[in-house]
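Reading through the structure tokens given below for one structure.
Order of writing sets the labels: A, B, C, D and E. Residues in every chain begin at 1.
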Amino acid sequence: QSSSDADTIELTITQNAIAGGKNAAAADHIAKWVIPKFEAAQKAKGKDVKVKFVPSGVDDEQYKTKLALDLKSKKGADVIDIDGIWAGEFAEAGYIKPLSEVAGAETDSWEGWSQIPEAVQGLTTYNDKKYALPIGTDGRVLYFNKTLFQKAGLPADWQPKSWQEVIDAGNKLKTAGVPTPIQINAGTAMGEATSMQGVLPLLAGAGGEIFKDGKWSGASQPLKDALGLYQQIYGGSGLGDPKLQQEAKGRDKSFAEFADGKIGILMEGDYFWRGVVNPTDGVAKMADRDQVVGFAMIPAIQPGKGIRGQDFVSMSGGALRTINPNSKHPKEAFELAAFTLSPEALKEETKQNVRITPRTDVNKEILTGDPLLMFISEKVLPLTAYRPPLAVYPQVSAALQEATAQVVSGKAPDQAAADYQAKLEGLVGGAGNVAS
Amino acid sequence: MTRHIVGRIGFYTLIALLMAFFTVPLLWLAAAPFTSDPTYEVSLPDFTFTNFQAILEHPYALGSLYNSLLLAVGTAVLVVLLAALAAYALSRVRMPGRDALLYALLLLSSIITGTAAMVPLFQLAVELNLIDSQLGLILILTGGLLPAAIFMLKDFMDSTPKSYEESARVFGASPLQIVGHVVVPLVRPGLATIGVWAIANVWGNFLMPYLLLSDIEKQPGAVIMFTLYTEGGQANLPLLSTFGLLYSVPVVLMYLFVSKKYGFRFHGGIKR
Amino acid sequence: MAQATSHPKARYSADAAGLGTPRAAAFIAPAMALIAVFLVFPALWVIYLGLTNYRLTGLAAAEPQFVGLDNFVKAVSDEGFWNSAWLTVQFVLGSAVIGQVVLGFTIAWLLRDRQGPLKRVVEGLVILAWILPGAVVSFLWIALLDRDGGTLNALLGIPGFAWLLDHPMLSIIIFNTWRGTAFSMMLYGAALGNVPPSHLESARLAGASGWQQLRDVVFPHIRGHILTNLLLISLWTFNDFTPFLLTAGGPDHKSEVLAVHVYNVALRGGELGFGAAVSTIILLINLVVAVFYLRLLRRKS
Amino acid sequence: MAAIELKGLTKVYPGGVKALDSLDLEIPDGEFFALLGPSGCGKTTLLRTIAGLETATGGAIVIGDRDVTGVQPGARDVAMVFQDYALFPHMDVTDNIAYPLRIKKVAKAARAEKAREVGERLGLAHLMDRRPGQLSGGQQQRVALARVMATQAQAFLFDEPLSNLDARLRLEARTFLKKLQRELGVTTVFVTHDQAEALAMADRMAVMENGLIRQIGTPAEVFQRPANTFVASFIGSTPMNLLDGQVRGERLEVAGCKLPVPSSVEGRLSEGEQIVYGVRPEYMTYSAEPVEGAFGGRVSIMENLGAAHLVTLEVNDTLVQVVVPEGSEPPLGAEGFAVPKDGRALVYRDGNVV
Amino acid sequence: MAAIELKGLTKVYPGGVKALDSLDLEIPDGEFFALLGPSGCGKTTLLRTIAGLETATGGAIVIGDRDVTGVQPGARDVAMVFQDYALFPHMDVTDNIAYPLRIKKVAKAARAEKAREVGERLGLAHLMDRRPGQLSGGQQQRVALARVMATQAQAFLFDEPLSNLDARLRLEARTFLKKLQRELGVTTVFVTHDQAEALAMADRMAVMENGLIRQIGTPAEVFQRPANTFVASFIGSTPMNLLDGQVRGERLEVAGCKLPVPSSVEGRLSEGEQIVYGVRPEYMTYSAEPVEGAFGGRVSIMENLGAAHLVTLEVNDTLVQVVVPEGSEPPLGAEGFAVPKDGRALVYRDGNVV
């Protein structure tokens, strides 16, 4: 502090992003666009604000650990990005506070709220209070390889209406010699990817909600159905590659294999489209992505049997941008956070890498060029579901992953479900909080 | 005679197998950085230097190596210095319970290198205002390595004859002179070995630097290495392999230097 | 003058360098101070944390409760803990006690009276595996053991063999053997230098085979070294976290050794109190192992 | 240069071993004094206690006219050569020799000059740049001596300095060392377990056993008249004959032979008393013809001593040894007689000379 | 029991050191043969090559009538005692002695019985349960001997087995060992660097230098007539006087003194020739009165040899040593004369005896 003038306001902002590494584009956007623009805008208002970006580039668990340690010691950046599902546990621990408490009532009157769909706002809410601004959202679909489909005699505009149709397609692919017809994430090695791109969408498709009306879903029929599908795919039918589920780097591998034309159907989020098979800068580039990669909504087990009686389901998540309760300049910090979510900022940010922003006004403009994102925002988001922002969720999720792992390695779905329920009761404080 | 020949053939076969065992895993590191689009497969590289160029342009890569060097050398110097003094005193002066103390510390040091210690260490650093300070990190790392270093060095010192010191002593040398003129030169290979051991230990440490340093400009190579993954957690193989190579070279050079200059070996075991 | 006059106690000390207890204490003090602050204090703190329900986040982070031995009870009644404990035993026995010791000794023995480039190259390679950073080395092994493009499968002509999945423990045991052999090799190299050649030769003259020479001459001689070595590498292997980088404890916890278990519990699961309790249990196991080794060492004489 | 005086010096090691048992000893200024004794008798301990490397448990050490009992080793003004020489392996010969001067803060140039000078004197001039590892045993020994000489100490303490040398070199080093000491005139305490060395070199010597001094005297005194059977059996390059006997009237019956009572003890023995009869092989003459008052037996072993032979006679199952000069060696198995020279046979009662 | 024959035996170490240089040697069955030489001359190498612990670079080794050059050490039927005895510290005496039998798969009871028997013979009966660390040096040496005896080998190889003993014990062990060998009658090769030991014990001996044998003969032959100056300077418990001289007519001028030409070389020297005059101190007589044909000088050092003194005369700046019997020691600084005994002085030309 001594190095700067007394009235200079210093702000820091942190993300799990770093130039030259993980999420480099996001890091560059903050450092090269947001900060100078924001400082200029503040200067115009007569405020001398200096913003510093604190990069990071590690696993989410490690990032979370570091944030928790920082916040616990009343340290850390002023503006902090967190994953949506951490909101609950951070709030319970007192690491983050409702925005209005931290930065004043004007946070409720931020112009952006009006542009953000209700469901996405829900991500930021815990105990009916808004703890953060949403940064974006996403959705899950079934990707498929049109070339392989053609070989197997399947249509290029494939849209299965039930799980059975997916299995049927898989069988045809298998007959056509596709090494791995269907790949749905399972097992513990993939961590949260197993939940989001695997068991949770399936659970929803079978009509189950992981947390509903204050109770956690136990060894319910929907769960058994979901695990049953895993068994159908990985239990010796040859539809899926059970090994891939167990490898520490299995998800990378599944990406590479899909890009290589070895996987027929893959359940993934829009990140797969944007960041993996992206012909320009994906990690497993597919030059002919737009021609070869098809996508379809995830069907319910049977039409109308999904949650809320839907025919199709999906899961969404999203990151949040929150204000450190210990910030010396919470108001300016909020301004900075809000600035990053202004239409100009979002448009600038998505210029290179388009993604679904929280704002409908922006989405309308930027998504037009991208068929998948359009598809998601128009068809998927309206019927998607979110994970409960509760502190115990990560452990429940881990238990779910465990259950899928057991099925993949040969346990009966009913047994795995029962084991899961037993574990769940231990996690959420007794059988009273579990519905089966 | 034939038995002799069979023995020789056996010996060289065994040595060849051992060398293969220790070399094969390293091949990838030798090939991938020079390949334009490396995979997990070891293939003959096309000898491109674009990967190196990319690393050189990386905003943190080279700086992080410098930080690694700072942390590793700083810790090693501190470990060697403090451990040598302590091991020497423990080796030469009878102190009741010194062995029990050493074993206890050795055991405690194992808990401190575990994950569960991160909260106490973090909060300790906060309290002592050592957060985001490389010095603080050096002190913490030193604390973890000291017991084993003292343990190993004491073995080393125990096996060094005392007559050199006594001889210097009769000539009137003070204890500090004795340590400086006689003991340190005599145990130099041991000090060098412990130094390299400490460097290698610090060089690979990821979690502590990551948690205790917040300024990316201060982070060592281990942390930067982990940033070379994408949002979804995929390894950026060209960068990772190239950085891995650059990140390995300093330790290897350090080892070669030390082993050439001071010798690299262990002495002794527990004396009976 | 035959009567011995009584003298003031000697004003100097009797150790080789004339350090004396005060100066010796001064030599030890800096190390001990650092150890006290940065090792003993946090270690005791960890042990204390093990008695609470402390978590990284959530309500228990704000107000941790003292729960006594609940964590310990929970740990020992947890299947996962016993699974990890058993895997750790395999890991330590396999990679440290058998792998590193046997391989380290074998190399030291083969090279015992050789000089020149062969010795330097072999030793250099082994030491290289030891000093390379864990992050790099684990990556190399992932590449080596990769199912499809991995060098090992290519060499053995078994493409598609999933080492890390079908034999996760074997993989990390071999990996850790590869990584840690250098220490044992160096220690045994020094130890073998202390075995009097005449003892070996008198066994040879009696007609003893190679194995008989080892059994009757070498091992009895280097007992102390073997035990020091075992003690250190057992401790280190017990707490070794590197397998995580290779298998992340998977598949299906099949390679979740205790150090990885603690990582998963404390860092991924956020259950710090529980993790600390498991760490304390590891400490206790280490204590037992150390006492066992020391007993072995003391027995005799 | 100073006398050394030990008064009631006692050293008990922490384990409880009494290595020195209330020793009194005076070594005059300039004397070459040898300490002789079997392994473990406390020779090294005595030397180290004088040097100050061990603290005395009781008693006093006076060097010159200064009581140094409580003084730091470095301040006692003595210099010591260790059995393994303790040359610093990381320093070259010059630096090794100059080390004591470095401690005394002598300027670098002056040190080197002095080292050169001393080295030259000891014939090390061409070796000054080598490290100890590159020197032969004899050369190392001379470097150790040079280092001690460079100190200009009041007294030199040598702990078996010759025992690491070749037999041949050892003989030469004896003469060399003795000559050197004479020239320097520094009081020297020399520890050895080789009696020939002690005899050859010392002005006076002490024979120790179990922390006690069993005899002090000139080499000739100790050789000719060992004060007790311990010293008798310890001194001599051929083992002294020590034979059980009994007083029988005017004669002694030893190994079944009747021998005259040595004139020195005449009248001091009582009839029937058990004694030990001691006579050195060198102090007997051999005769192939029967002789009165001699040991008679069969020649069972013959050992070449160079210019003489050591003949072992089996006298009624007892072995008696006698030195036979060159040219008169009896054949093995022959009958022979060993006649004690007059005045050279000793009689021991309860282990002590009568 | 077997003879040992070495034919053109050569050993070159990997580093290029030629430790044995085409040696020929025959040791008859039952002989006690001593190998003597300075450090590094190849004694140990020779012994180890016979044992098979080093592979010969060239030549052949025949034991009995078997060529064992390429045979494993364990199959050569020889037994060896090492300088440090190489007793296994973790086995008790019985197990140590029985070890070779254990390797030969003799049953446990039979082994123990044999060990007891051999141990008893060597006076170890009461020590059979101790470990080597609990034994004195002499006891350890006997255990090592017992272990060798238990093998019933064809030949014994001893590498300086006495050099770790106290001087005193060494003397006793000599006699003991010699007696034992005579009784067992096993061909024995005994390495030592102590000439007195070799002289005293050997039936025949070889003196080595730099991998070559410089002289072979009985101890008396080697002592009295060293074949070259190397052997001359190496043998003898007092160093032989080897003095540069010149033939001057009927006389030799040595150290400025005129001496008669020894009768053995009469007529074989040419006028003005440079020679080395060799005479042992034992082979001169000392006289305080001037004598013709003797060394005359001043007494500068005197060393006690026990029953005699070694007097060093400074003869025109050359040191000449002479042994003086007890009782006739001259005072230091006195003028004295050393008269070579007839027939004992030798003349060396180009290092070899004339």
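Please note the rule applied: contacts are C-beta pairs under 8 Å (C-beta built on N, C-alpha and C of every residue); 3 or more make two chains touch, one makes a residue touch a chain.
Keep in mind that this is a model prediction, so the values were computed, not measured.
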| item | value |
| --- | --- |
| Topological distance between chain B and chain D, in contact steps | 1 |
| Top chain pair, ranked by number of contacting C-beta pairs | B-C |
| Chain centre separation (chain D, chain E; CA means) in Å | 23 |
| Inter-centroid spacing, chain C versus chain A (mean Cα positions, whole Å) | 40 |
| Gap in Å, rounded to a whole number, between the CA centres of chain D and chain C | 53 |
| Rounded Å distance between chain B and chain E, as computed from the means of their C-alpha atoms | 54 |
| Residues of chain B touching at least two other chains | 94, 118-119, 166, 168-169, 174, 226, 235 |
| Overlap residues in chain D, where contacts from two or more other chains coincide | 52-53, 72-74 |
| Residues of chain A engaged with two or more neighbouring chains | 62, 65, 69, 72, 249 |
| For the chain A and chain B complex, residues of the former touching the latter | 18-23, 54-59, 62, 65-66, 69-70, 72-73, 75, 249, 251-252, 255, 271-272, 275-276, 283-284 |
| Chain E partner contacts - residues on chain C that touch it in the complex | 196, 198-199, 201-208, 212, 216-217, 220-221, 300 |
| Chain D contact footprint on chain B (complex, rising order) | 94, 161, 163-164, 166-174, 177, 181-182, 185-186, 188 |
| Chain A contact footprint on chain B (complex, rising order) | 57-61, 118-119, 122-123, 126, 131, 207, 210-211, 214-216, 223-224, 226-236, 239 |
| Interfacial residue positions of chain E with respect to chain D in the complex | 38-39, 137, 166-168, 171-172, 174-175, 178-179, 182, 193-196, 199-201, 219-220, 223-224, 233-239, 280, 282-283, 300-301, 303-307, 310, 312, 326 |
